[in-house]
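There are two complexes below, and they share chain A, which is joined by chain B in the first and by chain C in the second.
After this line comes the complex of A and B, so read on.
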């Protein structure tokens, strides 16, 4: 569970069934458990109007559990990038009454929310639940490159190679935490690297 | 004291009857300068000096926000109301010097919306006059559904049809034309925001249906233009000022407090903005809450009252004012 620090650091809730005509779920690995937990309190025919887009990762864990909810549509994707065209298409053709539910890692929630914001959905009307890894998507403020799955503090920018302090400062527009050079004054000063975003 | 707003010294530059019930008033600044900028949905509070009595009524600005050489409001005559609209209709003539507040917007467009869906009922059309003008100038995407009793009472329906053609859809009660609300709400593209202004029954209906059909609360905007309801006179003790006042049948509690020389904060005078929220020190009787600001729980707690629209019946009421 992500701890609250500064105001831009996202906080996540617990998925709950919303009134609406269509329900779109996007989840990665552990996020499936947030959906199956929510299903226990959902009205009987809730998943008749639902679409689940799932990135199971290696082992296809939880696929059977999600299929057992009998959603109107179930779609499995190998990565977020691979489901992006489909997601954009779905949102472009959608009507008011569609509700969005995001569950899983921060990287998945953030990137799906970024697409939803572009489609005109307010971030406060999206249901989110964090499950699984705390690994961060980080943008280097110096070269603007994005590094995925950052688990250490500090972390190395995968684009320009600078050693970055991973801040709690988050951008919904970029769907990334901010990384700032930790040793700009003296590049020979190398603080120890700890794995803290597990 | 209107919070965060100063007053504007204006002169009535024109008075135009629009139909049997509605008259339009034009205001210009007495010093000839431009009026302050406003955005569609804003209102001003008009001070009406009617002999001994001063009324302060809010009215939506209905002109284009692009034109600040004058402000225009449209006032529907209410023969059984508290007298503000009758005063405007009978006593306000071109050349009269009046005082109005700076504009305040509690019903603004959310310009992040992909589309703006507007629902107006009766005189609730006025804020949409300004909003549609603002959006049309920016090439904004909007659609207006306007319900009126009869064609002849469809205030500005002709103007709107001429300006925006098929983007305006009219419904006449006397022809039994009704908005197919569920179908309308279910066929809007994602990213649409909904705006509703009209009688409170209509606002309640639209908000209910929108919520059931999955419109998030952030996408539903509404403005009540309910005037304070008259009621039985009651006495109030103002503990901070050390005064005891009587609220007349046709007077709001806020107006009675002001008439006693106490200057509480206010903004909308319609029970929505929260500025005049007042703590109750003690009471023996029943509150008649008419506001849309306090929660149901706060209404039940009897610890707070919105004096602009709410009243009291009973033996004693002491306010922290």
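After this line comes the complex of A and C, so read on.
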């Protein structure tokens, strides 16, 4: 669970079964455990109306556990980028009564929420649970490039190469934390790089 | 007689200066010898002749140069002007407000004629004479917000009001004190203020939001905010921080008076009639220390404010690196005598 800091920083909860006709779960690796934990308290036929989209990562851990929940649809995706077209179509065709559940890394939750926002879903209606890595998705405020899976503070922009302070300031629209040049005033000042978002 | 517009720059050779009359009208933001955040919001009503409040939308001698600087910023980075799709109506509201106010305050420079929805706008300082259909975006060279804010001093944020909150859903932001419209667009009032230290704990934003969501049409409000900038640079965006940041290392006891500028934002808040949005103009005024200290009261007071500023605020405002040099320079102009009440010079 990520530490709470400033107000724009997302706060995650614990997945719980919501009233609704259809339930769409999107999870990566450890996020599967949030779904299986929730399943213990879910009504008997809950997953009959559910779709689980899962990005297991290397090793395909937890795939069997999710399949055992017998959701109406189960889709395994190799990456978030690969599931985007499917997700966009699902949300575009969705009716009232669809509930969205996001579980896993902040990058996964943020990007799935971004697609949901674009489809007109209110962010406060989405269930989220953080599991796994604290690695951040970061936008460089200077060149606008997104760097995925940032684990260090400061971090190097993978596009323009500036050394960036990874702020807690977060944009749902961009699904990213803000990175600002840490030594803009004097480039010779190079603070030590620590691995803090593990 | 109209305003004599200065030819000057806010980058490279930095030829920006205030004339003596403009020094006297500078909106000095400290009414006492210390500073802490407060919900310092008051009705935006017309003030004394010769002050920046003589008109509710102020046009001054820097108008033409500021508009040229804005065009340069936008050519480099079009993301400084953005409007989410549902904000076009609010853009028309803003166009109407700014055309009306500028034509009202400065008839020798701006003329607006209306015949139903057929409008004609003449902007003499910028050599513009456009006829268009109000509400029809295809009749203007830009969207309505971009069109009029390319012709109006200050940054502009248009806030959508819904769910008891205000949402930063459109803006023209090229003269900002280190915040990014591109990053903050779509955020609510608390989210875009999230990085501001101390004020959340004091409940400032909760009270400010309550006030702002109740603003009525025809009853705008205002407040002052301030920071400091090295060189008279309007574009102190985070986008370009790696380009202007090194300026902060160039302050020496010899050049403080010329390089260090007090940067004051006159922020006003207006309800928009059709969209029910709020427009939030952030008008930036710059004054270099050499100009400011021509008013002895301001020199004494600024010395005390900067010297005693809480560390978190000094850090947030980016003063840390040059504060000791500035305080030392200002201290020589402070004989310790009392300052009179109020903002104005003696």
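In the analysis below, the second predicted complex is superposed on the first by the 198 of 198 C-alpha atoms of A that agree within 3 Å, B and C clash if a C-alpha of one lies under 4 Å from a C-alpha of the other, contacts with A are read in each partner's own complex, and residues count from 1 in each chain.
Throughout what follows, contacts are C-beta pairs under 8 Å (C-beta built on N, C-alpha and C of every residue); 3 or more make two chains touch, one makes a residue touch a chain.
What you see is a predicted model; the values in this text were computed from it and never measured.
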{"item": "Chain B versus chain C as contact partner of A:73, first or second or both or neither", "value": "neither"}
{"item": "Contacts of A:41 with chain B and chain C, given as first, second, both or neither", "value": "neither"}
{"item": "Which superposed partner A:162 touches (first chain B, second chain C, both, neither)", "value": "second"}
{"item": "Touching partner for A:173 - first (chain B), second (chain C), both, neither", "value": "second"}
{"item": "Touched partner set for A:82, first chain B, second chain C, both or neither", "value": "neither"}
{"item": "Partner chain(s) touched by A:9 [first = chain B, second = chain C, both, neither]", "value": "second"}
{"item": "Partner chain in contact with A:139 - chain B first, chain C second, else both or neither", "value": "second"}
{"item": "Chain B versus chain C as contact partner of A:19, first or second or both or neither", "value": "first"}
{"item": "Of chain C, residues touching chain A in the complex", "value": "79, 180, 182-187, 190-195, 200, 238-242, 245-246, 248-249, 321"}
{"item": "Residue ranges of chain B in contact with chain A within the complex", "value": "112-114, 185-192, 211-219"}
{"item": "Parts of chain A lying in touch with chain C, wherever the complex brings them together", "value": "6-9, 139, 141-142, 144, 162, 167-169, 171-174, 178, 180-181, 184-187"}
{"item": "Chain A residues within the chain B interface of the complex", "value": "18-22, 91-92, 94-99, 119-122, 124-125"}
